[in-house]
Amino acid sequence: MDKALAAKQLEAVLKQASAYTGKGSVASYIPELAKEDPGQLGVSICLPDGTLLSAGDADVRFTLQSISKIFSLIIALCQNGQKQVFERVGKEPTGDPFNSIIKLETIKPHKPLNPMINAGAIAVAGMIQGKNIEERLNSIVDMLRKMTGNPSICVNEAVYCSEKRTADRNRALAWFLKDSGILTTDVEETLDLYFQHCAIEVTAKDVARMGMVLAADGINPQTGERYVPEEVARICKTFMVTCGMYNASGEFAIDVGIPAKSGVAGGIMATVPHKMGIGVFGPTLDDKGNSVAGVELLRLLSQEWKLGIF
Amino acid sequence: MDKALAAKQLEAVLKQASAYTGKGSVASYIPELAKEDPGQLGVSICLPDGTLLSAGDADVRFTLQSISKIFSLIIALCQNGQKQVFERVGKEPTGDPFNSIIKLETIKPHKPLNPMINAGAIAVAGMIQGKNIEERLNSIVDMLRKMTGNPSICVNEAVYCSEKRTADRNRALAWFLKDSGILTTDVEETLDLYFQHCAIEVTAKDVARMGMVLAADGINPQTGERYVPEEVARICKTFMVTCGMYNASGEFAIDVGIPAKSGVAGGIMATVPHKMGIGVFGPTLDDKGNSVAGVELLRLLSQEWKLGIF
Amino acid sequence: MDKALAAKQLEAVLKQASAYTGKGSVASYIPELAKEDPGQLGVSICLPDGTLLSAGDADVRFTLQSISKIFSLIIALCQNGQKQVFERVGKEPTGDPFNSIIKLETIKPHKPLNPMINAGAIAVAGMIQGKNIEERLNSIVDMLRKMTGNPSICVNEAVYCSEKRTADRNRALAWFLKDSGILTTDVEETLDLYFQHCAIEVTAKDVARMGMVLAADGINPQTGERYVPEEVARICKTFMVTCGMYNASGEFAIDVGIPAKSGVAGGIMATVPHKMGIGVFGPTLDDKGNSVAGVELLRLLSQEWKLGIF
Amino acid sequence: MDKALAAKQLEAVLKQASAYTGKGSVASYIPELAKEDPGQLGVSICLPDGTLLSAGDADVRFTLQSISKIFSLIIALCQNGQKQVFERVGKEPTGDPFNSIIKLETIKPHKPLNPMINAGAIAVAGMIQGKNIEERLNSIVDMLRKMTGNPSICVNEAVYCSEKRTADRNRALAWFLKDSGILTTDVEETLDLYFQHCAIEVTAKDVARMGMVLAADGINPQTGERYVPEEVARICKTFMVTCGMYNASGEFAIDVGIPAKSGVAGGIMATVPHKMGIGVFGPTLDDKGNSVAGVELLRLLSQEWKLGIF
């Protein structure tokens, strides 16, 4: 890969995708997110040798939101093993919106269909062990600091508090899970952990580095240090394909073809196996909850560089 | 009506219906209710002149459970008026189980279809005014004491606590309503009121007297004292026909034809316009949540005395 | 009842309700119905002595549409008995639109919840016996001719053909029923019978007379001639309350309180037990499929004459 | 790849997976399929150089059933282009059983979520062009003959007729699509085409060759002859990952990780990009409709040879 050329292409793609920032709107249901400047768009690419290529608002901080579901799943899998985790959360895409409660009632047993929808991620949060919320949260934050080499990664308290105040639908999901026996920990504490890991603040550069670790099957390809077991990294990448982009995952798989996970703050973490991690930030969302310009940017990039895995 | 004959017939019908006590099972999801002796069956009839005809376990105390939804609705309608109440809860039967959450998501606007399902009754509880839970609860208890002339009616604390501990599905419903803006009061406080009014303890005799008040369009037919506005009594009786027996209401309307409301403790309050109130208690339930023997008893009685309104 | 006064009041109520004709729109999914003049409104009342009081467009002919579901149910019950009929169709209101297919899949066993929704009425049509479609249809038409004393009642061929050409959703329902074993007769033949009985043409006066027969428990109150068994008439009136006005039945029961069945051609048949039958015709419909002005007219009339049964 | 070793490993894996043939049951809803010997299991692997490695019942003929949905989609995409096809059928996994009708009503617009569920495949069949059914069917059969080099591939008339007689649920789906305007061709003709392409008869060897063509991005890797446009092959492989194994696709993606499509006759076509096509046949199915032993065989093979794409 000619890095100078790649940097230029990245700038061009960013420019082209910028036209899409006006097509969606910033998340309104979390007041703190609603303040975001809709015109922003940033991308960063992390290569196996650690090189970062970036364009646009790659240093703007945003919260992981649903991207964090990948990392809470990693911790839960490491602490409990596949067998226990998948007894309480399934592996199937749903075709429903991320906050839907219907299938919790219609599907028997009442377990969330996958860990990428809110209900599933709340169930996963309930499986993260630690002697208190702080310790449980730190298991996620510490891993992210290591993966990114950025020790300043932490929770955005304002977003966390905003989320906590307005998350009544998530409370409904959590109590339903409690009633079904899927969630066995304290509901408000578990939600607290969930809201906090959603509010972890990063930049597109951080996200690119996280994506690179998954692309390298769980290691830092420069140092060989392992952060995520290979098997767990594989599971995460699979979920990113089948359920990573909410109920537009199928479309994204066909149109872009890269394992990716989005969040309603406008971030997307994409992972091109053995080649690169990609972090994108563009806060205007489509009706499914994905960054409009971010998806377009990844589509263009995938086309330009033939990144699709299919 | 020949009262001596009626008393005899009542005994015969009770005996016949007793065979059905073994066909269902006592409510298991509230531990305190699960302790109930399944063989019990009692009935009491209150005539316009105040006469009570009773048979079987008519003095056994049980909790109102869903029967109380009628009385919380009465208070909410009296305090807020029809317009405000029906902005937050509909008037339609659902075809779904009483604790279903699906239609809260699928129906737009997200308001509960009627006040007889749990979601609707929780919304109603949120509309009962008072400076604290105690005052709000008392508005219901006081009315019931007046209607029955029984000043000792009160909440069964053991059942209330049992219910409160195991009501996570109701919490899910309440938080969903909170998220939709249907519930604007504090969730746990509102649930507390809901659990307490469900746990009000009565006998079949008390319930017969309550049913007689509704049968007399809201007054005590002996004294002429009014407890419920005529219009509100009419609305309640209509709901008892269309939604009073959970998702077996349509069947009950055809097979029995009397406005009635059941509860999962095994009680049924029935109302034969201008003729009588009926209280039934039989704790074994069918799969919809209605007293098996109680429904059979009312069917036989309706047939024997031609009580159906259709 | 002072008939002269009643006639005047009827005129006044019709005038007042006429204001609502502009609030809905005529059924568009059956092309032939879409041609209807939206400004029309007519009402006719049949008293036990046979007197007809009418106002407005009481002589305009329109097709029964869903009102016919009452009469196909009568024939099916007479020919097969309750036990057999209710093995294939339930007795519960649904909370869903009349042409919904969802509950056919979600409810076990897969039988339609009631005979007033399309799926249920198609199942009922499959239970009407006869050596061919003509004979099966005639069992309905003959009964209507007798009930109304109008030997010219027959199918409107243009509407029937229009309906047949555009009824693909009904075909979907019928094949689903076939697959579930609920429908055992030929699908297209059964639909043909269903479309034809929906397209039976009447006036508000005819409908008033039909309603009077049900109000008189199945007989012509002047001659004592029985057209419908008492038990069957009772079942029909019950269904009219719980499911007669599509998924606005609960609201209608509270706001109007009279057993009634509507059709998408704008007709409503109402039945005030022992007092009167009412036929209404107003072709503009609300979003549930009920005549807007017709419902308002019945509401005013019920209020004026205290006709509610609750 | 050491072919002798591979052949041995294949035998071992087949033997191990054979233990699972007893765990499911053969499809019962198509009578002709119910006759199948449940103990069968066969596998064939086609390498880029055309080598076939086979074990077990690799020469037993079975019908493609849902595997054919991949090939009808190919023809429809080639004839109409992506834009037109995806206006009528979506790209999202559903989380529902393959013959579910619910989302056709709940999702707006009413288009099937993807072309791998029955509703979607029927919509696709409606887009295959030709002057009659025979010509339309031949476009599929001809392609399969070329891809496999087997000119004798044709429809199994007994299975086709059996399917046609018992496919009322599919008729319901088709009429729903007709009503929604998704299907614009004649319903019975379209279903006829659908039933026929489902009843195309093949062996595991044929299927392995088909899978190899998709693995080679649409060409015969030996001759370079192109049968499927690269872009279309990519789309198919993506659908195989997200929706190929009914509502167990997510689980299969994690546990096996190979693009695959199953059918209720017990066949599975799997595609390992650039490496191999795999055909499996094992007629006992799990409750989702996938070959129990076939899935196990692929899981073992994927593990042994590290075939997963994630």
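The letters A, B, C and D name the chains in turn, as written, and every chain counts its residues from 1.
The rule is simple: a contact is a pair of C-beta atoms (placed from the backbone, for glycine too) under 8 Å apart; a residue touches a chain by one contact, two chains touch by 3 or more.
No experiment lies behind these values; they were computed from the predicted model shown.
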Worksheet item: Which chains lie in contact with each of chain A and chain D?
Response: none
Discussion item. Taking each chain's centre as the mean of its C-alpha atoms, which one ends up farthest from the centre of chain A?
Written reply: C
Discussion item. From the mean C-alpha coordinate of chain B to that of chain C, what's the distance rounded to whole Å?
Written reply: 32
Fill in: Between chain A and chain B, centroid-to-centroid distance (C-alpha), Å
48
Worksheet item: For chain A and chain C, what's the span in angstrom between their mean Cα positions?
Response: 54
Practice prompt. Scan chain C for residues touching two or more other chains and write them down.
Written response: 106
Practice prompt. If two chains touch, include that pair; go through all of them.
Written response: A-B, A-D, B-C, C-D
Worksheet item: In their shared complex, at which residues does chain B touch chain C?
Response: 90-96, 103, 107, 113-114, 234-235, 237-239, 241-243, 247-251, 253-254, 257, 259, 273, 308-310
Fill in: List of chain C residues in touch with chain D within their complex
100-102, 104-106, 168-169, 171-176, 178-179, 187
